[in-house]
Amino acid sequence: MTATPAELAALIPDGATLALAPDYSGCSLATIRELVRKGASGLRLVGLPQLGLQADLLIAAGCVAGVETAAISLGELGLAPAFDRAWRAGSVTVTESTCPAIHAGLTAAEKGVSHLPLAGVIGSDLVGLRPDWRLGPDPFTGEPGLLVPAIRPDFLLFHAAVADRSGNVWIGVRRELMLAAHAARRTLATVEEVVAHDLLADDLWAAGTIPALYVERVATAPAGAAPVGLRNRYGPDRAWLAAYAEAARDPASCKTFIDAWLRDG
Amino acid sequence: MAEPERLLVMIGVIARLLRGLRHVAVGASSPVPAAAALVARELGRGRPTVSILGSETSNPFTDGGRELFDCAAQGRLDAFFLSGAQIDATGAVNLLGLGEPGRMRRRFMGNFGAPYLASLVPNVILFRTDHGVRTLVEKVDFVTAPGVEGRWLVTDRAVFRRQAGRLRLVSWHAGEMAETVRAATGFAFETAHDAGETPGLEAAAAAQLRGPVGAVLREVYPAFAAQLT
Amino acid sequence: MTATPAELAALIPDGATLALAPDYSGCSLATIRELVRKGASGLRLVGLPQLGLQADLLIAAGCVAGVETAAISLGELGLAPAFDRAWRAGSVTVTESTCPAIHAGLTAAEKGVSHLPLAGVIGSDLVGLRPDWRLGPDPFTGEPGLLVPAIRPDFLLFHAAVADRSGNVWIGVRRELMLAAHAARRTLATVEEVVAHDLLADDLWAAGTIPALYVERVATAPAGAAPVGLRNRYGPDRAWLAAYAEAARDPASCKTFIDAWLRDG
Amino acid sequence: MAEPERLLVMIGVIARLLRGLRHVAVGASSPVPAAAALVARELGRGRPTVSILGSETSNPFTDGGRELFDCAAQGRLDAFFLSGAQIDATGAVNLLGLGEPGRMRRRFMGNFGAPYLASLVPNVILFRTDHGVRTLVEKVDFVTAPGVEGRWLVTDRAVFRRQAGRLRLVSWHAGEMAETVRAATGFAFETAHDAGETPGLEAAAAAQLRGPVGAVLREVYPAFAAQLT
């Protein structure tokens, strides 16, 4: 039943739109590594609602054509260095957004509608950066209203603690992954372990489970979220992250660092 | 970041602003507001409820990343905190970058949820722990979120509040004067007629920081917690 | 911390809009009984998305002015008899809806927007019964589009298995209750039991928990969902339900039946 | 409800229509479609996935009542089943009531999700286990959901499919003829040029009903399961 991270990566074609979780929500670094290995290119990343290490690694390796996100960073370690360089060079396009606009776009896709109205945001210069958003009077209140289009990623890729043999994946309270799995055309997940019991058979587990209905492939990848860590399982590898943040500032040392990362995994 | 004593003054100011509220959320990388909100909660006997994003133990949300934003739109979030690469005389913040929008010369992390929360949360408190002329400017390059009347700005030097369209100096912290604040600020401002020195952190609040609040801070912001004590 | 069902009922003023779960999703019959006892009147019920025994009992007791719902019935036992009589007499107004329109209206309230676009439905005569719905070209696709207004109930009332001492309530996979708790102004719940552990401390529980943030009062009511039953705890009392379905056809025997129900509880 | 043999024929017809689909959902109070979907799943070695609403063990949804509808809008639901107090010559169904809309003389349970699912699910199969002139009418009093080209209607007497705007007789079950079906139907219909007797339930399907499918049915529809065996 379960696949390998390399098999997941092989399913993602060049040019695909790929939704990725922020560093705190379940990152399949194991599959990101395989995307870099296979020389993926032209990917368009969507942050849920922001992007972190996964995006910076893919950008450093030249796999990315564009990002749509509310933010991109290495968290406490500051700016995402490879992204920052690519942004300055103009080699990666940035569709600027804000967290609730991404949630609304995914919700529109989840519900099969073209758009969703979004509260707030009017008054921000962000609206001027988004010609695909619509401003106009709200048909019910007459007040100024903002409509944001559906976001339907080709793929959602994430890492979680457990799946079962039927391909149901437990995400607990990381419910942005549920929303994204509903919105995305295809969902790929790596997990720490595959358990023998049916996750849908007990409501305690089922309440935090993405049904197999939405999940195309599951791969087993112990420590698959390292070095960013996985909630309740293992923390971030702070030394690795600091070393990356430093090395990635320079193209040559960034390449050396990533080559070593590919070799080690 | 500023001297510990200045951070304690900021915590005291913000904790007082939160008194009587029901629900306060603190974004990622906001140790001073987190400390202030937790102090306010302890002194208010559990009120306000405090949600700290990025914390695994002080985050009550169970519906994913969207819940904070939905919660704000429902009117269930009374206060939130924003910093900004630039904050201007009108209380507008810029989280995105420097230069002309669409052709920026420098980009920061991004707008996060600020464009939305700033217009839906009734009490958005601005903060900076490094008050200076490059961050406090006459006009932001990019309006992540516009300013609104009555908005507070709390820095490591002073407290401002917007009235009649512009931030006005309300108080300066011990060791500052209106003139030293003016010299460190990139926008012109008036001084409130009753302006004076910012009250220090109350003893009861300080005790909370040494006690239960400190324990929570050590989980979420270990480096910051160590700095305070 | 916990209250009694009578205290919950006392919080609901006459004329309030009250969202109620269908029979399979967690019904606080214990509080419904107290609403009948206190002589509640003018209530406007919203089905999540349909109504069952709770609504029929309230209607039988004269507590209800109107309902908005996708359906109202006693399930396998057929039409809701008191509702049917009230509908014929014109004493209860009916705002006809369809399941996804109610979910969409609640989602609009959850997100603080005036309306949500809704897929499908155009072509049904239902649209003609809803002057508050808007038909017009979708601003993104140009295709015919339907907009439904937000539904923000004054109260959500439900019954669940467990709450904790802080007022967090575990609902498992009955996530329509989560949506309704977000959408409603005030949420009241009865539970089988209050447990000592913090439901938000363990992701296994937290994933199916409505945070106390949304819950105004919790009352303990063992067997509080009887006679319709509570998922995984106890089944419906089929004999009681069949007796009610029979008795409620006639106003006099309906009154006798309900009087006995009030006496017994 | 019809004789058990007729129900078995209906189950066979519907199971064949579901072959090769990925995901089939069955609404509440739909034992014949539930049995057919489970037979199709067993004969298809787990395909289609079958979601039975109201079942605690055969319902894979974890996002509340809205999930079935969202799932349909996402294109992840290939087939659904509708009955109706009235079904008309165009394949339209009426779940709401009798009489003029807005001034009905009789009201049934309500429209449920039919107005939505009927337009978003590619294969909506209509069924009635009591084929008669009062339920199969020329024109429904209220269009809960309009008919669409290609839609199937499976009753305890016959199978129809909509072509050129109207339901057309495709086959009649053992014991019926085109004429007996016509006499029991409230709308005029043409008979397909290749119409004939409905094939009976295949032996493999019957074995599934006696085996694993029967076990699931006994959980969700005990009375119906008992009737079949």
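To keep things simple, chains are lettered A, B, C and D as they appear, and every chain counts its residues starting from 1.
In this section, contacts are C-beta pairs under 8 Å (C-beta built on N, C-alpha and C of every residue); 3 or more make two chains touch, one makes a residue touch a chain.
Source: prediction; values computed, not measured.
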Next on the checklist: From the mean C-alpha coordinate of chain B to that of chain C, what's the distance rounded to whole Å?
Outcome noted: 40
Item to check | chain B and chain D, separation of their C-alpha mean positions in angstrom | outcome: 60
Next on the checklist: What's the distance between the Cα centroids of chain A and chain B, rounded to whole Å?
Outcome noted: 29
Checklist entry - Residues of chain A touching 2+ other chains? => result 107, 111-113, 118-119, 173, 175, 178, 206-208, 231-232
Checklist outcome for this item: By the touch definition above, chain D meets two or more other chains at residues 61-63, 69, 72-73, 120
Next on the checklist: Edges wherever two chains touch, nodes for the chains themselves; is that graph a line, a ring, a star, complete, or other here?
Outcome noted: other
Item to check | Interchain contacts, given as pairs of chains that touch | outcome: A-B, A-C, A-D, B-C, C-D
Checklist outcome for this item: Within the complex, chain A is touched by chain C residues 104, 107-108, 111-119, 134, 136, 138-141, 145, 147, 149, 171-173, 175, 203-208, 231-232
Checklist outcome for this item: Interface with chain B, chain A side, in the complex: residues 22, 24-25, 48-50, 69-73, 75-76, 79, 84, 87, 94, 96-101, 103, 107, 118-126, 128-129, 173-179, 231-232
Next on the checklist: Can you tell me which positions in chain C touch chain B when the two form their complex?
Outcome noted: 109-113, 168, 178, 182-183, 200-201, 206-214
Checklist outcome for this item: Given the complex, residues on chain B that touch chain C span 23, 49, 51, 57, 60-63, 69-76, 120
Checklist entry - Where on chain B is chain A touching in the complex? => result 28-29, 54, 56, 61-67, 69, 72-73, 96, 101-102, 107-120, 142-146
